[in-house]
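Going by the order they are written in, the chains are A, B and C; count residues from 1 in each one.
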Amino acid sequence: MIAAAIAETLAAIRGRRPLVHNITNLVVTNTTANALLALGAAPAMVNSTDEVGEFVPKAAALVINLGTITAVQAAAIRLAVAAARAAGVPWVLDPVAVGVLRYRTELARDLLAFPPAVIRGNASEIISLDGGADGAGHGVETTATPETALPAAGRLARSSGAVVAVTGAVDLVTDGSRTTAIRNGDPLMARVTGMGCTATAIIGACLAVQPDAFAAAVHGLALIGVAGELAAERARGPGSLQLELLDALYALDAATLEARCRITA
Amino acid sequence: MIAAAIAETLAAIRGRRPLVHNITNLVVTNTTANALLALGAAPAMVNSTDEVGEFVPKAAALVINLGTITAVQAAAIRLAVAAARAAGVPWVLDPVAVGVLRYRTELARDLLAFPPAVIRGNASEIISLDGGADGAGHGVETTATPETALPAAGRLARSSGAVVAVTGAVDLVTDGSRTTAIRNGDPLMARVTGMGCTATAIIGACLAVQPDAFAAAVHGLALIGVAGELAAERARGPGSLQLELLDALYALDAATLEARCRITA
Amino acid sequence: MIAAAIAETLAAIRGRRPLVHNITNLVVTNTTANALLALGAAPAMVNSTDEVGEFVPKAAALVINLGTITAVQAAAIRLAVAAARAAGVPWVLDPVAVGVLRYRTELARDLLAFPPAVIRGNASEIISLDGGADGAGHGVETTATPETALPAAGRLARSSGAVVAVTGAVDLVTDGSRTTAIRNGDPLMARVTGMGCTATAIIGACLAVQPDAFAAAVHGLALIGVAGELAAERARGPGSLQLELLDALYALDAATLEARCRITA
C-alpha cells in the first residue's frame, strides 16, 4: 500500500515536472541537479541575494543545504526561507555538519523559526540541531546511528513543527508522535559524496507534489533507497554507482517499488 | 560539404588546443571543462575580478554563462567582456534563465553592448533577451520551441550584431538574414543538467579556431548534437549518457560527422 | 619494498578514515571528494572565513588548491594555513596556474612561509613558484616536462622546506637532495579535468596517516598513477575513465600495487 503511494508521488513528479529551487553546497551542485532531472523534476540553482526573493515564489519546493556555507550564501538563504514562508512554498533543510562548526549550527537553529517542512540529517546533525552533543560527528559524517538520535529527532520535530528524517543504515522519519523506518539503500552509497544531500533534494521534489510532509519524507527516502540498492547491485565501485543511481532513478517504476520497498511504521 | 567543414573545425581544435576561458555557473563547471577537454580544447575557469582582466587576452575564446550569477561574478564578467572587446577575443553568451529573473536579464542586456560573437539560449531566453516575454520559461527550462523564437532571434541578431543560436528539438542559427537548422541530438539529453551550457562552451571552442561566427555556432551545435545522439544510443539513462557523451566527443571523426549531420540552410 | 610501504599507507587510510580538509577549486570540488571517499578517507570541503579556523585543527591533513581563487577564498586560505601551522596539521599546496596570473602567484609565494609539507604542481607551476619563468604555461596546463623543472623543484624544496612533486608523463618527487621518479599513469588522464588536483588531494590523504612527507608524496602519486592506468585500460574515453578511476581507487590492493608500481630513486 505504501509502495503504491510512493509510485503515485513519483508519477506526480514526472507528470507535473515541479520546479525545485536548490541553494546547496559546492560539492553536490551538479549531482543534485542531475538526480532531480533523472527523477523527473525541474531543478534550478539560484543562489544570489539579488535573485532568491524573486525566484522562491515561482518554485514548488525549496531545498536548503549548509554544506559549504559562507556569509554571502547565508544571507541568500535567510532571504529565501523568509520568501518561502511568505509564499507558502514548502522547504527542506539539510543541516550538513551542524554540531561540528558553530557558525552553521547557529544559522541552522535560526532557520528553524521559518520553519522547514522537513529536516533531513545524519544522527549527529539531528542531535546537535536539537541542542545536544554526541561527539560522534566526523567532518560531514558520523559514527552514530539513527536509532540513537530518535529521541532528539522526536523533540526537534515537536519543537520546530518539522518532520525530521534521520538517515543511516536504517532511515527513520518522525513527526514527534509516529515514526516510520525505511530499510532500503546500500553501504556502498556512503562511498559517494553527497548521497545524503541527494536524499534531501529528492524529499524536496516529493514535497513539491505531496502536501503531507511526513509522506514526502518517507517517499523521498524510499525512492533514493530503492534506486541506490539497484545501482549498487549493478556497480563495481563508487564510480559506477553514481552513473547507475541516475539511470535507476530514471527507470524506477511501480512494480520495482512494490518489490523493493522495506518500510515499517 | 558542411560535414567536411565541421570536421576541419574539429581538427583545428585538436591540433591547436585553443585556450577557452569560461566564466560559468556552479552546476556545470566540472562538466564544461570535461566536455572541452574531451573535444580537444584547453579549458580554464578563471572567475575573479583580480584575474580575469589579465587572463582574457591569453585566451582564444571566452564563454560567459549566467546560470548562477551573483554580484561578485557579475563584476568579473563585466571586466572580462570589456577585456575581450579590447583584445579582440571572440566570446559567446549563454543567457541562462534570462526573462525569469530581472537581475540577470538586465545584466545580459548590458553585455550585448560589448558585443558577443554568438548568443546561445533556449526559446524563452532568446525571446526575453530581445525584449519580449513568452511566459514559457520554467526555471532554467522552457516549453517554447526554437521555431517560435525565430523572429526574436533574427531581431536580436540584427540589433546586437551577434549570431543567435536557439536550441531545442531542432536547433536554429541565424544572423538576422540567413538561418540554418541542425536536427541532431536526442531527447534524453534534456535529462542531463547543463547540456545547453555544454553546447555554448563547444561553440566557444569553435570560435577559438573559426573566425566566422555563424559557422562556429553551426559547427558547435552539430558536434554536440552528433555526439549526444551517439551517446544516447549507447546509454541506458541520463547517468550513462553523461559518460557516453564525453567518450563520443573524444572519438568523433569526419566519417561519423558525414554520416550523421542533419543540417539544412 | 616500496610497493609494500604504499600498501601500508593505503591500509592506514582505509583503517583510520582520516578527515581531509579541502579548500579547492570549483571545477574539482565534487571529484576530489569522490576520489578521497573511494580511496577510504573522509573528505570535507569547508571554505568560509567563518569556519576554517575552527575546522582545520579537527582535520588530519589540509589540501589547498588555487584553481579558481578569489579574494574571499584567499582570505579563507590564509586563515586555514595559519591554523594548520598552529595546530601542527600537515598541508599540501596545489599552485594551479601559478606563473600565468600575478594574483595567485603572489598568494602562493606568501603561503610558502607557513609552510606546506608538500607542493604538487606541473613543471611551469613549480618553475614559477621558484621565481623563474619558462613561458610554457598554457592556462592550467603546460608543455614543459617535469625533468626541465627538476632544478627549480630542488631549489624550491630547499628554500621552503616542503617536499616538491612535479607531475607529468613521469612524476618526480624531491626534497632538494634526493629525488624519486614515479612512472605510472596514462596519457588519457590529461583529457579529464582535475587529475592533478586529485593527485594533490590523495597526497593529502597520505599525509594524514604518513608523517614522512617525502613518502606521502611518492605514495600518493603511485596510488593515483596505478589506479589511473588500470582505469585507462578499461576506459573507452575520458568519460568512462572518470568512472573507472573511482572504481579502481576503491579496489586497489597490495598485489596490484606490487605488480604495477614503477618507482625508482
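Just so we're on the same page, a contact is a pair of C-beta atoms (placed from the backbone, for glycine too) under 8 Å apart; a residue touches a chain by one contact, two chains touch by 3 or more.
Please read these numbers as outputs of a predicted model, since none were measured by experiment.
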(Q) Return the chains shared as contacts by chain B and chain C, ordered by label. (A) A
Q. Can you give the rotation angle that fits chain A onto its twin chain B by Cα atoms, in degrees and rounded to the nearest 5?
A. 120
Q. Same residues or different residues: which describes how chain A and chain C meet, taking over half shared numbers as same?
A. different
Q. Which integer distance in Å separates the CA centroid of chain A from that of chain C?
A. 32
Q) What are the residue numbers in chain B that touch two or more other chains? A) 26, 29-30, 72, 242-243
Q) Which of the residues in chain B come into contact with chain C in the complex? A) 17, 19, 21, 26, 29-30, 33-34, 37-38, 42-51, 54-55, 58-59, 72, 242-251
**Q.** chain C to chain B touching residues, read off their complex
**A.** 25-31, 67-72, 97, 100-104, 138-141, 190-194, 235-240, 242-243
